[in-house]
Amino acid sequence: MTTTTRPQSTGSAGDGPQAQRSMRGRSLPRLAPPAVLAVCALAASGALFAVGSFHLVSAGLITAVLYAVVIGAASASVENPRKAKDRLVTTVVYICFGAAMLPLLSLLTTVVLEGLKRLDGYFLTVSMNGVTPSMDAGGVYHAIVGTVAITGLAALISIPIGLFTAVYLVEYGRGRLAKAITFFVDVMTGIPSIVAGLFVVALWMMLFGPGQTNGAAGAVSLAVLMIPVVVRSSEEMLRLVPQELREASYALGVPKWLTIVKVVLPTAVAGLTTGIMLALARVIGETAPLVLTAGSSAVAINWNLFNGQMMSLPVFIYSQVRMGGAVNMERAWAAALTLIAIVMLLFLAARLVSRLFAPKLGR
Amino acid sequence: MTTTDPSATAPPQIRGKRRVGDVVFANTARGSGILILAILAGVAAFLLIQSSDSLSANTANFFTTESWDANTRENPAFGVAALAFGTVLAAAIALVIATPIAIGIALFIVYYAPRRIAAVLGYLVDLLAAIPSVVYGLWGIGYLVFELQGFYDGLNTYLGWIPLFAGPVSTTGRTMLSAGIVLAVMILPIITAMSRDVFKQVPQGHQEAALAMGATRWEMIRMAVLPFGRPGVIGGAMLGLGRALGETMAVAMILSPALVISPFLLQSGNQTIAAHIALQYPEATGYGVSALIAAGLVLFAITLVVNMGARFVVARRKEFS
Amino acid sequence: MAKRIDVSGLHVYYGDFLAVEDVSMTIEPRSVTAFIGSSGCGKSTFLRTLNRMHEVTPGARVDGKVMLDDMDIYGADVDPVEVRREVGMVFQKANPFPTMSIYDNVIAGAKLNNKRMNKAAADDLVERSLRGANLWEEVKDRLNKPGAGLSGGQQQRLCIARATAVEPSVLLMDEPCSALDPISTLAIEDLIHKLKEEYTIVIVTHNMQQAARVSDRTAFFNLAGTGKPGRLIEMGETNKIFTKPDEQETENYITGRFG
């Protein structure tokens, strides 16, 4: 007997014998799902091979759909419609996760495979100075220099502003000013990066006249994007510092600002560092504002933030793609691999810092 | 406590005293906060000032014109109609694709994945957010568009009767749909993160109540999790929308642009504000830069409204729970 | 429809930690059985194994046998979902679904199996369940208002109505009154008296007067020692447990000379 049939309302007890409900509904054997999955995968890839157009993605897709149909039908006939639906949703949820992993894996493998074709010591240590676009030579050294200089200055601007704002919000902020800052920091997080670039273009036009592109302009536009991220993460970390620590410090007669400098900030230092590194990882890959502010045609090494165009890794990738030749694409892939490696290193370092230097607050 | 003169002659009295360090420190902190407000006001103000030049010289209606003849000193005629349409279209495609998948991923991580590896899997999804947009653009133009070509042909063959998928199919794959798909991948982690957070906060009591009355896992999710999490999911989707609206590089690199209003996703054409600015800026002359700044202002306004809406939805949920 | 529960040799684990050790007992149908004992002695944990709710906690598992009439609820092909339809549960903290109206809360569980329940049948079920939970008169005019707007005691009775609407044969109650004021508590106790004509009721309580008032039989749980698992010390007629228990441990607890 299946469990789906139940008599409707039986009134009060003793209204008549109620049909015994069995809890032992027929159910698919535990090994059924993996078995069905394997059969579906075999069938899908077999069929595709037969047609002669085997592709991992399409095979996976067909397998998933096939599995959903088979397991749903099997469950509906052996078990009951409710369970069939449950199994169907489970399948869909797994597919969703697979759908997210697919582009990640595809992107990472493509970048690594394509990038390794050109990424070597030579590529990392020469600039594009004197190299014509289609020449089989040149590298990204000037772009790395630009990225380091521009993001360095951006960090120099945004870390103090962001950190002090976070301190204000957590330690001093009361009332409307604090509320306004919190709100507008949120708004600022949503500014499109190209608008940040336009802002600096407009600002530089007013300050220095039209057509001024240099590294400093790029750094300011990146700082506009970085500040809200630093504020958010620092604020979160400072709020984690227990109130008792502050009170203990006050009780010793330490003034408030020293309490913040000597007690609060050191306690939160691991979290603050992590947040700042993640913010750096975020802006180091920004392209659009730099195209507008730092220029996209520099080919030579330029360490001077205040004079002349400055290339950076993301802009390098973009401008190489715009040129479109085979060599250009190779350079773009290699530069993308370099950029991803830098971002991932920052990510890993951030994780390590937060793990190794996490404040020991447990008792 | 107010500021007192330290030289006052009342020795044994304890009085509130404003130390120099405290004053300086507090004001620096406060000043930083105010500086942020100033920057934001500056963004709006400078964009307005610099765009007014071209807007007053514009001989066409800025909001209804599709074409862009701004690189001149004589009678510029330009408008954002096509650009605004393209911007919204690209973001809408991304949202339609990403939202259901993101909900699925969030459910997977919170309720389906084995608990031991759930955190790792969540980290993998976050990795999607760490990849720079220019790399997404490169991957899109250098790899994905070729892979999608066959898919588009099939889509056109079988669903071509739907106007959206009408032919002739672009032979390069550099279409609105390609841009939308890449944008969808980019906003996936944003929507997932927000949904995951709210799903985790669903009170244990509600889940147990549903299970205790004999709900399957899916029924428990439908009964207790989804209604509770809806505002968070909506807020996350709107944040993702804000990101998609403002995204520049992926679109600029993938889409083969044309300043028209076209609903045909499989043909080249359309353009977004952000990509248009990035592509046009290096060649802008005459009123060009000023006109691009005006377009940027429109983009700023659209994203501002969407983001504030998202914050509002999320904040309201917080009040309830 | 009330059923007998027969537990034999049940051990409950959280991962490697043995939380409850070797419990065997029989719970009679159409009666109220109370579990008493100090905090952390495993009585709630044990209660949750009676409808396999403990499985919701990661790492929790059991060893032993729980028979519901002649059905082993831990049998190989038994579906925990079906077990929970048969053995309903009411929680310590009233937890009506905040996004649903009073009406929808009551039929939430019943709807799962009977998608196409017509309006009349649904109305009938809601009224019957709410009357059964002594709540009908108080809420009949605002069935479409959210359940979260009710008082704590009303919410708890709503949860009882929600549990009974699924027509289980056993009702587990995990300290259902511990968050309520004395008047609401009294209302729930009255309800328990009424419900035991139809259901097998198991109630966990911290309040010994309550156990004495509502239950027919009482089981006393205690820890074997600090860090050791909880055990069933003694079970019997409530009267006997409260007047002349067999075990010294039980007497100490009852008379307040504990620890």
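A, B and C label the chains in the order they appear, each numbered from 1.
As a convention for this text, a residue touches a chain if its C-beta (ideal position, glycine included) is under 8 Å from a C-beta of that chain, and two chains touch if they have at least 3 such contacts.
Every value quoted in this text rests on a predicted model; they were computed, and no experiment measured them.
Ranked by distance of CA centroids from chain B, the top chain is C. The two chains most heavily joined by C-beta contacts are A-B. Centroid to centroid, with C-alpha atoms defining each point, chain B and chain C lie 48 Å apart. Rounded to a whole number, the gap between the C-alpha centres of chain A and chain B is 13 angstrom.
Of all residues in chain C, those touching 2 or more other chains are 81-83, 85-86, 112-113, listed in ascending order. Residue positions of chain B touching 2 or more other chains, listed in rising order: 216, 219.
Touching two or more other chains at once are residues 82-83 of chain A.
Chain contact summary for the complex, chain B toward chain A: residues 19, 21-22, 24-26, 28-37, 39-40, 42-43, 46-47, 49-50, 100-105, 107-109, 112-113, 121, 124-125, 127-128, 130-139, 141-144, 147, 185, 188, 192, 216-219, 221, 239, 242-243, 245-249, 252-253, 274, 277-278, 281-282, 289, 292-293, 296, 299-300, 303-304, 306-308, 310-311. Of all residues in chain C, those touching chain A in their complex are 1, 68, 71, 73, 75, 77-79, 81-83, 85-86, 112-114, 117, 121, 124-125, 128, 167, 197-198.
Put simply, chain B touches chain C in their complex at residues 115, 203, 205-216, 219, 223-224, 227-228, 320.
Chain contact summary for the complex, chain A toward chain B: residues 57, 82-83, 85-86, 89-90, 92-97, 99-101, 103-104, 106-107, 110-111, 114, 160-165, 167-169, 171-173, 177-178, 180-181, 183-196, 198-199, 201-203, 205-206, 210, 224, 227-228, 231, 255-258, 260-261, 281, 284-288, 291-292, 296-297, 314-315, 317-318, 321-322, 329, 332-333, 336, 339-340, 343-344, 347. Chain C meets chain B in the complex at residues 51, 53, 56, 58, 81-86, 88-89, 91, 93, 95-100, 108-109, 112-113, 159, 162-163, 166.
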